[in-house]
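Presented sequentially are two complexes of subunit A, the first with subunit B as partner and the second with subunit C.
For the complex of A and B:
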């Protein structure tokens, strides 16, 4: 079995199984839990509504922090948007998604995919440089760095495979698939789970604050 | 079998001009990355080359490789060169049959001990009763004939890597020549079928320079298998622009767009198809509108569906993913439920204490 056969076969299959099971496990494992019973009367009659509003309002830093957090806000936005577009926008990815789900949609031209992939990778570097430069702000854990590497690898190998640089194409493609498999399997059990949690955690804190009448 | 003792004599008797022959030599030399100036010397050496003894063993195969080599439309220098070798044993092509054929084999082996070439097409079943010739299993014949050979040249993907007989579920437990023969130089000329020029190129180099060509990590001559078909494909600009045919008769297909989405495996296939082409340079599969199936690569038949693109996973259906989602959900929900119950119990216990 060649590296590519291993990657396209058992490796990605196992990773997807772990990812799907992991997402279901973690989502239900948390969402089925009860919240502590609340004995107090809400301070704000529109508390619930305002709580859900936080899901969106927290997508941007509060006014007081605009200047101090501008760098990471902008770079993180650029990173997330570029990454998302590359994931769902280039032909090989759509082909892969279609083989799993049957769904497909028009792709972007390849040069755009390369440009966005490069932007995503560059912004990922911009973020890690800041993290390294300001340890006091980030108070990083090992998990933060592992997550960074696990996200950066598929981007790097994907770009290299596309551009035919580095090893032979089939090897680069295999490394790209293997690194994506690592990302898939790692996602549910790491901070990358924020892809789901951000909705619930924002709503939860919004609800709690609104309940107490905190201005949000 | 031709009666001329030298290749020059044979070509002359077949009306091949010196000019055409020189052209063949320079094409072969340039393809094999030999220095340009070598063509006349190569022509010289080839023209006076004596016929090497060749024993062709056919195992689990479809004869397509022999067909590709011998049934070209017009007699080409490639197949003349092939005719020139002293093909002492070949099931399909030899006149002799039965005991006489087997005797010819033994005589050739004896007379050319240590000097003959063994050309193999077809894979070898390890369930030995699955394929036998003259009462000998393929494995026995291979081991017997290769024992005194100078070198082994695998013609086609089946002998090189197992090919279609070895594809899942591999009912005969087929293997490649190299899985059995370990002590002889082996050259793989894979393809289903292999390119005739690649077969004769290897033989021509052996005749002129007395050595086998430089090989890649899969045992293939770099000269013919060193380049990625996708890198040499004339449809590549469409690929780069993201213009793909979606079906075999849509507008994209008519406009000659890239066949990636229709399962073209060329991005992971190495062969000379895109630049040497087939049928005397007339065309090659991608030019005729069908994606490459990657026939020169090991296990190409198990690389996912012929019409599934390279990007797709190759692990059957998603049934296990569905099961994983259900199992994960059940585990998560029950863990949370247990935690809830425990919380209630503790709360009740606390109330009870009051």
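For the complex of A and C:
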């Protein structure tokens, strides 16, 4: 079995199984915990329901915090959107998804895929530079840096394979798939779980404050 | 004192000292608290176990999700006044839940088997070191929650840590001393039922204002607070003037009058409840329809937002003094003389961002035609004064408090107002401290005292009403 065959076969499949099992373990393990009851009378009868707005409203920081959050927010959005488009938009990814699920859709032109991949990688660097430049603001841990490397690797190797730079194409492709496998397997055990937590976390705070008549 | 007050009572000499003197007197008493702090009684192992067990017991899905959600994006750091004031990384809000998260990961998390393999066990010294983050540098003001993209409620996580610190016998000396006083003697700075009675007598004899103490039945039950009873008689005097002026059927009960709750401030949930129960009982006994909480910020969450109390089932409504006054003003019952000059309003964290009483105090200011100018960051985004959640009392937090108050000075100065109105004894003490230390040229008013000073003279009002009735 070649490295590429290993990457395309057992490695990526095992990683996906670990990812799904990990998501389930960590989500269920937390969400089955009891919910503390706030028995105090809400400020208004339907007030609590308004709390769910926070799930959406917190997608952008309030004007009050514009100066301190602009860089992080804008760059993070650029990164997330570019990355998502690359993941679901280029031909080889769609073929991979089709092999797993049978679903497929039209792909974006190659030049656009390369452009978006480059933007995603560049924004990732923009984020780590700021993290390194302002240690007092970020209070970074080892986990923050590991997560950055694990996310950056598939982007870097993917772009290199696509552009035929670095090692032989088959090797670069294998490295791209292996680093993606690492990302999949690592996701549930890291802060990358925020992809799920943000919904619950925002809703909880939104509800707790709405109970008191405060819109956050 | 405002000019309106002098006009309203031209001949009256003050019965009680000014708030500047009140602050100086209290500062002396607070200084003595450290010597009165109890020493730990349990072994280190028991203290550590108590702290960890407390966190395990208090961790529900909400806390777990919040602990899981932090991505270290750094947004909260700049939102915290203690970080802003010092620029020191350790005061970033995200750091304040680190120890809690370690306990969570090792004891509760679905990944605990893994964390037990790779992380070191938590030690009592970890809790000792966290004290500065849990008490001195977090007023549980919740401003960081307003910016967190995950919406993590750091303040409530810090509050669970305070409960753990109670079990670890690591409450800062000042709060520990007051907690023990309230637990063992039911008083705060000696604010006993006798002290209440004496204050009521003083107010009757020297200010000629009647306080209906211990009535059997009353529509409105009013709470007082230790600050009013042992230092600032003007607070209770102002409350009495307003209640009498409104003509409400009210009382203060010596079996439930204390707003201050050092159970809540220290993190002692059982003392919290122990302190709240008699108040609720007294209010039910007198058949109150309204319970008015004195201008004591944390008393609002202690009573009105007490999660352990099914307040929807109680026959009375609980409201903060500013809410009560605001409702009276909105109903047109509070007729006040105009307030001259520009003024700004400081929302106490516990009644504002974490309480939701924004409109009412502003309605009171509107009732005196005040030229209200909001601070650049106001209401939900208001900067904490730096003295909340008991921090005003902590000697170790002096630098943090003083430095962070400079943000408040800047905010108030930006409005161009000559005076700032607060509605919380802690905020007011902290403002007074900041005013004196910085030779700040602003006046600081308490909402309730300001209203009392601006009441339209009783006789004129009565005559006006009588004329109205005759016509």
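Throughout what follows, the second predicted complex is superposed on the first by the 214 of 216 C-alpha atoms of A that agree within 3 Å, B and C clash if a C-alpha of one lies under 4 Å from a C-alpha of the other, contacts with A are read in each partner's own complex, and residues count from 1 in each chain.
Keep this in mind: contacts are C-beta pairs under 8 Å (C-beta built on N, C-alpha and C of every residue); 3 or more make two chains touch, one makes a residue touch a chain.
Owing to the predicted nature of the structure, the values given are computational and were not obtained by experimental measurement.
Chemist: In the superposed model built on subunit A, check whether subunit B and subunit C fit or clash.
Modeler: Fit - subunit B and subunit C, as placed by superposing on subunit A, sit side by side.
Chemist: In the overlay, answer first, second, both or neither for which of subunit B and subunit C A:75 touches.
Modeler: A:75 contacts neither subunit B nor subunit C.
Chemist: In the superposed arrangement, does A:212 touch subunit B (first), subunit C (second), both or neither?
Modeler: second
Chemist: In the overlay, answer first, second, both or neither for which of subunit B and subunit C A:156 touches.
Modeler: In the superposition, A:156 contacts neither subunit B nor subunit C.
Chemist: Pick one for A:64: touches subunit B only (first), subunit C only (second), both, or neither.
Modeler: second
Chemist: Identify the partner contact of A:169: answer first if only subunit B is touched, second if only subunit C is, both if each is, neither if none is.
Modeler: A:169 sits against subunit B, while subunit C stays out of touch.
Chemist: Per the contact definition in the header, classify A:20: touching subunit B only (first), subunit C only (second), both, or neither.
Modeler: In the superposition, A:20 contacts subunit B only.
Chemist: May I ask you to name which of subunit B and subunit C touches more residues of subunit A?
Modeler: On the superposition, C touches more of the residues of subunit A.
Chemist: Considering only touches as defined above, state whether A:31 meets subunit B (first), subunit C (second), both or neither.
Modeler: both
Chemist: Compute the least Cα distance separating subunit B from subunit C in the superposition and give it as a whole number of Å.
Modeler: 7
Chemist: Name the residues of subunit A shared by its contacts with subunit B and its contacts with subunit C.
Modeler: 25-26, 28-34
Chemist: Please give the residue numbers of subunit A that touch subunit B in the complex, ascending.
Modeler: 1-2, 4-5, 8-10, 12-13, 16-18, 20-34, 91-93, 95-96, 98-100, 107-111, 113, 164, 168-170, 173
Chemist: Show me the residue ranges of subunit C that touch subunit A in the complex, using the header's touch definition.
Modeler: Against subunit A, the touching part of subunit C is residues 58-66, 68-75, 77-79, 83, 87-89, 92, 94-95, 108-111, 114, 145-153, 156, 304-312, 353-356, 377, 380-381.
Chemist: Where on subunit B is subunit A touching in the complex?
Modeler: It comes out as residues 228, 230-231, 239-242, 244, 260-261, 267-268, 298-299, 302-304, 308-315, 318, 320-321, 324-329, 331-333, 335-337, 339-340, 343.
Chemist: What does subunit A use to touch subunit C in their complex?
Modeler: Contacts found on subunit A: 25-26, 28-41, 43, 54, 58, 61-62, 64-65, 68-69, 72-73, 76, 131, 134-141, 144, 189, 191, 193-194, 197-198, 200-206, 208-209, 211-216.
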